[in-house]
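First subunit A sits with subunit B, and in the next complex the same chain sits with subunit C.
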Partner chain A sequence: MGIKNRLKTGIQKNLNLRYIKRLLGIIALKPVLYAYGKTFPSASDKYLNIFTIESLKKAYSDNNRPIGYGSLFIPYELFYALGITPFLPEVMAGFTAGLGLAPQTLKEASSHWYSQDLCTFHRSASGAAELDLFPRPDYIITSNLACDAAQKSFYIHSVKHNIEKNYYLIDVPYRYSEGSIRYLTAQIKNICTDICSKTGKKLDISMFEEAFGLSNELRKWAIEVGSLRKNLVDYPPSFNGLNFILPFHGLAGTREAVILYKEIYRDLKKYSDKQHKESLGKKKPAKRILWLHLKPYYRNEIFDILYRENCRVVFEEINHVYWPELDYKKPFESLARKMLSNFLGGSIDKRIDVTLKAAHDYKADGAILFSHWGCRQSNGGARIIKDNLKKINVPTLVLDGDCVDQNNSSQGQVKTRLQGFIEILNS
Partner chain B sequence: MYTCGIDVGSVSTEVVILDNKNKIVSYVIALTGSNSKNAAKAAFESSLKKAGLKESEIKSIVATGYGRINIPFANKNITEISCHARGAISLFPDLKTVIDIGGQDSKVIKLEGGNPIDFLMNDKCAAGTGRFLEVMAKALEINLEDFTPIFNRTSDKVDITSTCTVFAESEIVSLIGHGVDKNKIIKGLIYSIADRITTMVERVGLEEPVCMTGGVAKNMGVVRALEEKLGVKLNIPDEPQITGALGAAYLARDLH
Partner chain C sequence: MTQDIRDTENFDKTREKINDIKFFFGNTLTSENKKAAIGWFCTYTPEELIIAGGFISVRVFGRKKIIKSESYFPINFCPYIKSGWESLLADADNFKAMIFTNSCDGMRRFFDIASKYLDRVPSYLLDVPHLKNKDSRDFFTGNIDDMKKFIEKLKGEKIDEEEIENAVKLINKKRKLLKEYSNIFYKSPNLIEIPTYYKVMKLSMISDPKIFLDDLEKYLGFIGSTDKTNTKNGISLQPDRRNSPAIMIIGNFIAEDKLWEMLSKMNLKLASEDLCTSNRYFGKQVVTDDNKDLLESIAERYLNKPQCMRMADLGSKLAEIENNIVKNNIKGVIFITLKFCDNMLYSFPLLKQRLNNMGIPVLYLDIEYNNFSEGQIKTRVQAFLEML
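Then we have the complex of A and B:
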């Protein structure tokens, strides 16, 4: 049994916080991480795993308090500037699916009256919280940006841990305007002021300098990666741009995210140069796929099928750099602008514009919108996105499924739809 | 040169052998049962026997349907979307829309220039499929073959509100318990399938000419209800159940 399977089995058999803490402590030891890292197919894959485990270990260690839960669309530079160790329950729900724990966390959530209709990222995270698989939070910062379920399910976490006074909801206006910027800026400033009064830190703009500098560097490298991918003909089989959701959001403002994105760039550049020398023009060009929304995080065949059928995911909308550079001299306003720039908030027109531009820039032959059960913000716009892509001759497959609950879709049906779509692209 | 298409569905397995002049030399429709691999092999052998051919005379075989990946003697597997489209186009060359209702699967395929450009399949629920009708026939203790004459002679219907097969069965049992005329229930059931399929067709976008394939296309009650709901005339193949296998046999020819 390989190391990954041993870990998986170990966690499944010992479902408690103490065991997870102990395990993360062992895994995150530098020699273990680097020895383990050698088994990965690329440097970026290695760093992704190392930094993910290290960030989890920090959140599970009481030495790194205060610990803050954050929802996905929060600017995490805020956490690093305030000295809060972030923990992302939605991302952890993806990990629980990958570890094969989701059936247990979902079952636990059901027994606590979480609705079957609730998105499984939040349902699984809530079940994991009920099972005490997550560290105890000191603060919770969430928002109503794009996702409505986070603010509500996260509030339940605050009640469970008796920290309602440390629960902060950022109300992001629907439209981008200077009035909205002012409204949001004031909220972020108030949150920072309140947290600093609780942590005893003096609120000063200098505390944002390092995190913002690193975030801007991440932004620069993420744009470089995107530019490189526009003309990339082929990809390493191990590359999956949908795996970078934690560094792109939760590690924004850290040195680790910058290192990782530099490595992604180097890996892809190296592969591109090698491809160029060896076989450009000899191989049948791959079909270029634009991926919309997320993917299933449990074991599935989707990406193997795509690769086998000579289709390459050339861009994922979750990797779109939508925000302007941050200015530490205007920290609250900068973060407000970042949040308001998110194309998943507000009118569907913003998402359509991003999708059409990505389809054009990345020369997409087709698009796949993974329609995750219960995700209103994404699924609500599926039809209009499909219609708009059709106007520029890009066929779209709306693939119904579930990112976390493997029992909520049939692998056979997913496979048939996917293969049928590939046959259409090849016809 | 002969080619063969095998459509392994959840309920039935169909085999078509085609000669080089596009003539169907034999076809077989058999129950799939619990072992789809064995069912495919048996149906293939039976079709060879009917055609008076040896296996070595079959140039290539394409498998389709949910059991397509489990046919070791097939040269290639292709989804039922492409196969139904190709089969239907071979029968009605100008088609724009194909509606296929099989045992546990219903799909709508949109065509352009004879090629599929979009499709929609039912989700994991079997409502609106042949299995739905079978379960209801059992609950009503009426032969499925009698549904069409009952549909034709009954003027009124009772709306069946449940889409889930299990809930619809309970609803029917309850209606029978309340003394509702079984004929009206049957008419209501047929319209409930037509409603469900109409929604799927509207999502993909209705364009004429339209063809209906699959075993349920043999039920003229469902065909009429669908024609009424969609407001179009449906083209029905002489043997609608073998359309997927026929398309697979055509696509097997393209392998050379």
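Then we have the complex of A and C:
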């Protein structure tokens, strides 16, 4: 049994906070961690796993207080500037799926009256929180950006830990306007002021300089990676653009995220150069797929089928760099602009623009919108997205499934629909 | 004994009359709208501006039978939104425009669908903040001003201060009378039947306010007069609900006639409620102040009205519910949600915990909007009431 399977089995059998801390204590030791890193086929995967484990180790260590829970689309530069160690429950829910823990966490959530109609990212995270698998937070910062779920489920976490006064909702307006920027800027400033008064830090714009500088560098490399992918067909084995959610958001503002994105660039550049040298004319050109929304984080066949059928996911909307460069001299306004630029907030027009541009830039032959159970914001717009892509002759498959709960997704049906779609692309 | 029978007969007649909506609201029901209507969906829509613009404000209750709407939304999506869209696909021409709010993910997507596929009727989305503080009030005031401009475009001219003032007075009066009516309903459960109460609530949201208010005033006048004569003796002779456990209903857009009829037949004593179809609509007046901008006063009211679970401060919402429970001596809570309403569903774990701490049992029901399964719900409510 390999190291990964041993880790998985170990945690499944010992699902408690003590074991998680012990496990992280061992695996995050530099020699062990780098030995573990070497088991991955590419440098980008290696660093992704190393940095993920290191960030978890920090969040689970009592030496790195204060700990802050954050929802996915919060600008994490804020956390690093304020000296808060971030912890992302929604990303952790993805791990519960990958580690085969979701049946237990979802069951726990149900016993605490979380309806089965709710998004499993939040249900699984809530179940894990109820099982006390997460570190105790000192602060919780969430927003209504993209969906309603985080602000609600995170509030429940704040009650559980009796820190309602340290729960902050960033209320992101619907429209991008000067009034919206003012409203949002004031909120972010108030949160920073309040947290600084609690941590005893003096609020000073210089505290944003380093995090913003690193975030801008991440942004630059993420754009470079995106540009490189416009013509790329062959990827390193096991590369999946949907695996980089944590660094893209939760590590924005850290050196690790910059290193990782540079590594991704280098990995892909090798393949790009190789692709140039080889005559593509000999091969039947692959079908280029634009991926919309997320993917199942448990073991599944979707990407194997696509690969076997000579289809390549050439871009994922979630990797679109939607925000302008940050200016540490205007830290609150910069972060407000970043949040307001998110294409999943506000009107569906923002998402349509990103999708159509990506379909054009990445020369997509087709799009797959993974329709995660309970995600009203994404699935509610599926018809519009599909119709708009149709106008530019890009067929879309709305693939029903569940990113976290394997039992809520019929593998057979997914396979059949996927194959049917591939036939359409090849016809 | 003879006296008792006569009292009973009198009471029966009075009660029958009070529950005769067609009789009291004849003008409301038969009046043909001379003004154009603007449709809305959520109680965070400031009706005052619609009225000030010279339009009738009509809440869309939706079509119960879903045919075309299913193909626009996923299967697990708010059934009210699907019904509302079905209604727009069929009857949008009855409206001059539609006003949406960003109350939840579902509504945001509903607005997108309407904007893309309903080109003959303009749609507007009002951005409603989730926070309740000075900054959010100022922000919301600006948004209401933007909505006013949208209505002015439809009107073809500016809406002046006086028009807004008059609309505020009119809607405030409606709120005041609906509050009075609801107090009578809670205090005299034998007099006003549950379906009647919600029919009046529905009329208040879909009718010309002036005509509705005339009818409502007369109706309340009649109820007031009977209260002094027949009701006092009558109540004691009716199936007595005063000793039944007082129930509070918490829900969202619950507008299911069959449900109300079912609860009425079960002699349920409804003593308090927290619904989009009642107190979240009429609770709290717009308080005007010479030193304050009218739109700011309107913003203040809407942000501080009995809140939907969508607002950030779920803690204050739960406290609001707890106060209601204590004040009205509630013995049990029925939590009814339309399926797939995330804001409602996420409120339940904490609500359940709070109610457990108070020793208040709660029944959880989730229902469709267009396919009410009476048998199953009835069995569950009956068992709950028996347990109480």
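The definition used in the following text is that the second predicted complex is superposed on the first by the 425 of 427 C-alpha atoms of A that agree within 3 Å, B and C clash if a C-alpha of one lies under 4 Å from a C-alpha of the other, contacts with A are read in each partner's own complex, and residues count from 1 in each chain.
Here is the rule we use: contacts are C-beta pairs under 8 Å (C-beta built on N, C-alpha and C of every residue); 3 or more make two chains touch, one makes a residue touch a chain.
As the structure is a computational prediction, the values presented were derived from the model and not from experiment.
When both complexes are overlaid on chain A, the residue A:151 reaches subunit C alone and has no touch with subunit B.
Within the superposed three-chain model, A:409 lies in touch with subunit B and out of touch with subunit C [touch as defined at top]. By the touch criterion defined above, A:186 lies against subunit C but remains apart from subunit B after alignment on the C-alpha atoms of chain A. Touched residues of subunit A, counted separately for subunit B and subunit C, are more numerous for C.
By the touch criterion defined above, A:52 reaches neither subunit B nor subunit C. In the superposition on chain A, contact is made by A:169 with subunit C only, not with subunit B.
Once the two complexes are laid over each other on the shared chain, residue contacts for A:96 go to neither subunit B nor subunit C. Judged by the touch definition given at the top, the superposed model places A:424 against subunit B, while subunit C stays out of reach. Within the complex formed with subunit C, the residues of subunit A that make contact are 112-115, 117-119, 122, 126, 144, 147-149, 151-153, 155-156, 159, 164, 169, 171, 173-175, 179-180, 182-183, 186-187, 346-349, 371, 373-374, 376-377, 379-384, 387.
Those residues of subunit C that touch subunit A in the complex are listed here as 71-74, 76-78, 102, 104-106, 108-113, 115-116, 125, 127, 129-131, 135-136, 138-139, 142-143, 309-310, 312, 314-315, 339-340, 342-343, 345-350, 352, 364, 366. Subunit A meets subunit B in the complex at residues 395, 400, 409-410, 412-413, 416-417, 419-420, 423-424, 427.
Subunit B contributes residues 66, 78-82, 115-119, 121, 123-124 to its touches with subunit A in the complex.
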